[in-house]
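The block underneath contains the structure these notes are about, expressed in structure tokens.
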Amino acid sequence: MTVGSQSLIVRLLRHPSGLVGLLLIALAVGMALGAGFFFPAGPWTMAGPPRLWPGQNAAFLLGTDSLGRDLAAGLFHGSRVSLAVGASAAVVSILIGTVVGSLSGYYGGWLDDVLMRLTDAMQTIPSFLSAIAIVGIVGPSLPTIIFAIAIVSWPMIARLVRAEFLRLRTYDFVQSCRIIGMSDMRIIFTQILPNCLAPIIVASSVLVATAIIVEASLSFLGLGDPNAMSWGTILGNGRAALRTAWYMTAIPATALVLTVLALNLVGDALNDVLNPRLKERS
Amino acid sequence: MTPAPAAPLLQVNDLSIRYGKGVPLVEQLNFTVRRGETVGLVGESGCGKSLTALAVMGLLAENLRTSSGSIELEGTNLTALGQNALRGYRGNRMAMIFQEPLTALNPVMTVGAQVVEVLRAHRRMGRAEAERRAIELLEQVRIPDAAERFHDYPHRLSGGMRQRVVIAIAIACNPALLIADEPTTALDVTVQAQILQLLKSLQRDADLGLLLITHDLGVVRQVADRIVVMYAGSVVEEGAVDAVLDNPQHPYTAGLLAARPHGSFSAQGHRLADIRGAVPPPESRPGGCLFEPRCAHAQADCKAARPPRSAAGQDRSVRCYHPVGKPN
Amino acid sequence: MKKQLFQLDRRTFMAGLATSVALPGAIGLSAGSAFAEAQTPKRGGTLTTVAWPGTTYMNAAITTSGPESFLSPKFFDGLLGYDFGMVEKPALATEWSIAEDGKRVTFKLRPGVKWHDGEAFTSKDVAFTFMEVLKVHHGRGRSLFADLQAVETPDDLTAVFVLGKPAPAMLKALDGRESPILPAHIYAGTNIMENPANTKPIGTGAFRLASYERGASVVMERNPDYWDEGKPYLDRIILQYIPDASTRTAMLEAGQADIVFLNFLPALDTLRLAAMPDFELVEAGYETSASNQQMDFNLEREIFKDARVRHAIAHAIDRQWIVDNVWHGFGVAGASPLHHDQRAFYTTEGVPQYALDLAKAEALLDEAGHPRGANGVRFELTIDPTPYGDESLTAAEYIREQFRQIGIQLNIRTQDYAVFIKRCWTDRDFDLCLYTAAMGADPTIGVQRFYWSKNFKPGVAFSNGSSYSNPEVDALLEASQVELDPDKRREQFAKFQQIAMTDLPTLPVVHTTRATIGWQKVKDHTVDALGSLGNLANCWIDG
Amino acid sequence: MTPVLQTNDLKVHHKTPRGMLRAVDGVSIEVAPGETLGLVGESGCGKSTLARCIVGISRPTEGSLALGGVVQQGRRAERFDRARAVQMVFQDPSGSLNPRLSVGRIIEEPLMVHRIGSRMERRKRVEEIAGQVGLAPYHLARYPHELSGGQRQRVSIARALTLEPGLLVCDEAVSALDVSVQAQVLNLFLDLQQRLGLAYLFISHDLAVVRYIAHRIAVMYLGRIVEVGPAEAVWSRRNHPYTRALVDAIPDEMTRQDQANLLEGDVPSPVNPPSGCAFRTRCPHARARCAEDVPLLRDRGGGLLVACHFAEEIEAGHEAADRAPVALRVVSGGT
Amino acid sequence: MPRYVLRRLSQAVLVMLLVVIGSFFLVKMAPGDLVDVLAGNSDMTADQMASLRVRYGLDQPVLVQLFIYMSRLVMLDFGYSPLNAAPVLDVIMGRWPVTAILVVSSVVISMTVGTVLGVISARNAGNPIDLSISILMLVLYATPSFVIAICFILFFSVFLGAMPIAGFATVGTQATGFAYAWDVVKHLAMPVAALCTFYVAIYGRIGRASMLEVLKLDYVRTARAKGLPERRVIYVHALRNALLPLVTMAGLQVSALVGGAVLIETIFGLPGMGRTAFDAVFERDTNLLLGVLFISSLSVVVVNFVIDLLYMALDPRVELA
């Protein structure tokens, strides 16, 4: 559990799926960071002739979309939005989920009952439906989309954290903290939570991946933010030209699939490397 | 109490077990179990006693292997057999009882089904016949209302009852060799006594060879005929139970006996004779005598090389350059 | 592209036609089945088509929404039909005449017509439909028939419309789509909106309802007792509701649908299929549903009160680019508040046009007192594109880019339909809104509502959203409502078009054209101005 | 002297779906300063629940609990004082230490919570305590998983000692250790008691360990104390049939004995305990009266209290047979 | 048993109550209402809109509307769907079976296929078979269902011309009995498969991990010690226990599938609950949206209850406590 002599990154890089995953993610993050440098005009500029196939014109390596926008620029700038949506939605849902799960798991009793029924209710309403309803009703903008994804994702984290708390709170080291007079909040934050970090980190990689897919699905249904170019936006835009210019769909779809794949690979590797259970007993 | 000498039922010769290609966990192990005899295999956690049992059963985890030596059961070398052939022996000619009776039973199958299963795996039996026999077996291990318990799931039974079921499974096919790995450690002391008594009587009735693995010298004294003491993957001393426990020759055996709390401090005012330090992990075992770093009697030669196995009387051996206790 | 060449042709062609009422059947716009060499129709067969969204009712007398417009004419007839160029032709009425003063219109009804349930069709049904249903429940009917005071029924086969003042536009709105005739014996005395017959139609039309799976499909079967003897040719029409446009393409391509009307495929797919030998593209037959994509300036916003700003914006938007890249050629660059299918009135003569000219746009903005700020931005605006279809959003994205070049920062705001309607016409919380709206069979029906100051009615969707008010325009529009002389009406509308394009409260972006794409084997689906919005009684399948 | 621990008719009941679970059902015990009270009983008898109740992890349903003469009200504000009065050492030496904290930090934690001393002072104190329990300074930088079981238990003890409590509750504190290590830890407990005047409530299922370390022994069965008294008196007089059965069941490495009088069956469920004497269902001496009257603890002389209707009879019946070998064993064990 | 049922039931009622209240307020958060949409379609006057609002009760304060809605709900009255010109219950009853069949068959198929793949993978842990299955599952996991759906249509229907693309059955079909069933199977094959892929991957991965974990447990060792054939050890002893986390997953999957069905129903033109909800959002058909949310949540609750029972049947340790 404890990070030993090697740093986490080094251990991830030694793990085959960790290595592949990290490389792919580094690529995506690199695209996000480099977007402004490589394509300073932004993704919206109608820079060239519409529907230019990849390779047809050296200035537009990946071709252009129906409005003559450079797909490469879209892909780079899109990675910003897609990754940002994924990461922020994950952060928000982890925050909510962790608070709910910790309180529920630590205190139990009526608080647990109330919070778990709330969690049940959230999980009972089909989550993608709620996301659609929220985005549809509040209006599609990035904050709304992030909020909608987070609001339907936190129950999973809450359950995970709660289960970890239920498991960990019976551990004697937690009891001993209570015996030395430690306050509940201090126990939750300094004793139990650090020990649930591993499963949360593993889950968060999946969460980011899921959020990216959900955002793309929303865009596919026409519920993307029209002022933010994400991979989902390009996918949605390219759809009408699927049969005439399939590259418009294939390029963002590939980016999407590879990123999600990479996040899952890293998640698997983290799972192995972090070894989230207390396994020291011989 | 001493059994008549008989042909060895189980003979373990120079057995070593390694983790992959790494250091040996168990080294050069030799011991025998005769028909109708109970051998107590004793040692502290990590000494390799459970590994030895699993090696005999052919149940070592995939990353562990027996790197040398042989295990002969009724004259057949088990290490030379393939898994399929070995399967015919397991549960049939040799059987095993595990430490944790709850986890040793499949939680989602009735106890009856788990007994029936082993019968049908090794005996040509119809379902009805197997069920009848299973109930008999449950009765034999003194489970009250056996016919009803037959349909219960393991979690409905107490720890002692579960261990009886595990025993019933083990003896179902009348094995020649029964290996019991810490069969009573997880049980309360009153239940432990019941189980030990049961094992003893079953062993006596069926003329079983019983290999009893335990860390509790008291249990060995009560049940076993011979004792094999292991330390850090090796046998350090073996012999008849009474002889070894009354007159231990290896400092480790003696230390174990002395460390056991006895009497009353408040009344007698004595400290326990502890053994300093801890058991070394396999990768940092000393080159000389394994016990040397902890031994109060260690001398210079102990560091040099592993002491050989030396006979110390009839049926008794010890691995020590400087045995303690009364010479035989 | 072949397609664009053709459209240029058509524009010049139509300019030539502007003064004459179109010749029946003479507008051969494409190699459509309407003009293929005469073949003997074969009877039988099932026509499968796809559409979206699903329908609420099957009766277009109580709603103006799209799905009903397509469905209703199959079950219900109107008094009249229209040949190409919106020339009246008989349907349930065999003859019609207008009194001198234009205040009485007499219809002779077709004898022997039976409702699907066997009851006889009479003038009572006509009177009931107009007075009790269309005047009350039909969105456009309410204003169109506002001056219809009574329908007299001297006998079973005569209906006399009594009008408060002349209504020349009315005669263009009597087809089965716009004004379907309902059976009085089913509807009279009931709550019309909740009458079960709204989804179990009993009409006089060519087809009867065979089955209906709500939201999924409608199956229509041949009405054996149809008055137009021998018709319809088809045994059944199956309409499947398919939400996804690409799926609709796939179905047509895989032969799981025979034909797709009303631009229900992505434009690029339509063009791709049209280039294949087995398919045929027809662009005729949508005259009653001619639509413009247009952009309202909210004239209540201070910045738009200055016409130079509006003109500058018009100069910044290349409408032909939008036609080519957003509509993929299915349309004509916006040049007038009217639609070019309103041939009798449409003109560009003397109508100011705003060619793409970014420099001029910038100059106008400078002149209007909106210099570029430190960051190059003059001011910020928001555009609300209608959430139906992709074209509004895509066009908005283009406009955003154009605006960036002249120093206007444009934010696109998307929302669902309810919010869009509420924002633009109720709350009036918008700068620019971009939508596509029907211009109607006659400008009085479809165009006037956007420019008439008396139709500035917050809360009413697709009313005068820019809050435009020009007494001269009001006078012209009001005069044309009652003008019986076609030439005078034409002049009134010509003047209107000139003023409207000068004031530019609303920028016409694209005059859209609609298309039907189907397998070659489907014949005669578009034989008049109503096309697929008619009854498809002439349609047949070859082979 | 004021007892460091005094409970009076303490009860801990839990609601379960099957009914009220009477884990602790009226326990009155006392521990004097510097004294070791051994508490024995089979699993499920309520000894751990009692321990948790004493250290404040769970609350008593009824009865009173006084630590160092101060009656505990169960308020949150009491927790600092309680922590200074009583600490606990747990069974599982790996689960009782936070795997993410260094040994030094674990030992320091109580001082930090109680805001005792400056950083440097705390460090010094930690090293001092670590030395007391036999840990070297270099151990303080290690993490729990890098230590052996015995060392981990030393860390647990060190942590319990930092607040200098008068009483340590040791719940099966040596049960998970190997015999050789167990001896080391038991010796440590004895040393600490002598040096610091600590009192222990020493809970174990292992009667031999308890007899060795305790001044007095209490035997618990189904939530109640059935026998309590000086260690040797309880061990050798065995006035309660349950105590007798426990002692008889210990397999002794020194002699081979015939286990003739074994208890039958298992401990009944504490949800539906038998009427009258809870032990009667397994008791070889049970009679009609046992089903009706709940036996109360009675003074049997010599500080021995026994809850059995027939204690006199049982002691008399076995006196002759039992005394001799017990005495012998004590002598021979003293090597 | 009754005690357990009672407790679960009260939990379920509470959950449903939260669902109703939550979805009601969500829907009411929306700017614009049904009447705005109707007005957009029918050129209404402000007066007409006002009177429509009175008719649909939209003029009342939100809490009053909630109270009215809930009191009607008790009598299973979901109100009227103006969009469909029919009572909400009628609409839902027409659409529910589509989604139910879609979801149930997806759960069953993905669980079966996923488990089989997971077990094969676990038994071959570390070798090329395991590796290729793991890679396949990763790809299935990472590919959004709508991408897969589109590929299916292009390949099986357009390219091969083999599969019907849209609908639940051939429209206007006269087929009955087996022929009808086969027709439905053909229509649902692609949607179900597209809906399954993600979950095949999930089950496969969980199944593999769970199997590997179970194979390490003591009772599997006991089973081996009994000398049972390996097949029996795997499929009788290990599998049944390894299934438990998969069954738990199925409970969550049902809810997610109903949501995921939106995309699949959209692409395959299936008139199901998901698409209905989607349209209801955009047409502000509040009653319909609430009804769909309610019924789909209720279905999820019921299915979860059934899954709990199934879990209990699989795992006797879960007592009725």
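Letters A, B, C, D and E mark the chains in the order given here, with residues in each chain numbered from 1 onward.
Keep this in mind: a contact is a pair of C-beta atoms (placed from the backbone, for glycine too) under 8 Å apart; a residue touches a chain by one contact, two chains touch by 3 or more.
Predicted model only: the values in this text are computed from it and were never measured.
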item	value
Common touching chains of subunit E and subunit C	A
Most distant chain from subunit B, judged by the mean position of its C-alpha atoms	C
Rounded Å distance, subunit B centre to subunit C centre (Cα mean)	91
Whole-Å gap separating subunit A and subunit E, where each centre is the average of the chain's CA atoms	22
Rounded Å distance between subunit B and subunit D, as computed from the means of their C-alpha atoms	31
Subunit B, residues touching no fewer than two other chains	45
Subunit A, residues touching no fewer than two other chains	136-137, 242
Subunit D residues counted as touching two or more neighbouring chains	none
For the subunit C and subunit E complex, residues of the former touching the latter	46, 48, 50, 53-54, 56-57, 63-65, 138-140, 142-143, 194, 198-199, 210-211, 213-217, 219, 236, 238, 240-244, 246-247, 250-251, 253-256, 387, 416-423, 426, 449, 457-463
Subunit D to subunit B touching residues, read off their complex	36, 42-43, 148-151, 178-184, 186-187, 190, 205-209, 211-215, 230-232, 235, 245-246, 248-257, 259, 262-264, 266-267, 329-330, 333-335
Footprint of subunit C on subunit E - complex, ascending	30-34, 36-37, 39-46, 49, 82-86, 90-91, 94-95, 150, 153-154, 157-158, 161, 164-168, 171-172, 265-271, 275-276, 279, 281-284
Subunit A partner contacts - residues on subunit E that touch it in the complex	11, 14-16, 18-19, 22-23, 26-27, 29-30, 138-139, 141-144, 146-147, 150, 252, 255-263, 266, 274, 277-278, 281-282, 289, 292-293, 296-297, 300-301, 304
In the complex with subunit C, residue positions of subunit A that touch it	44-46, 50, 66-68, 136-137, 139-140, 222, 225-227, 237, 239-245
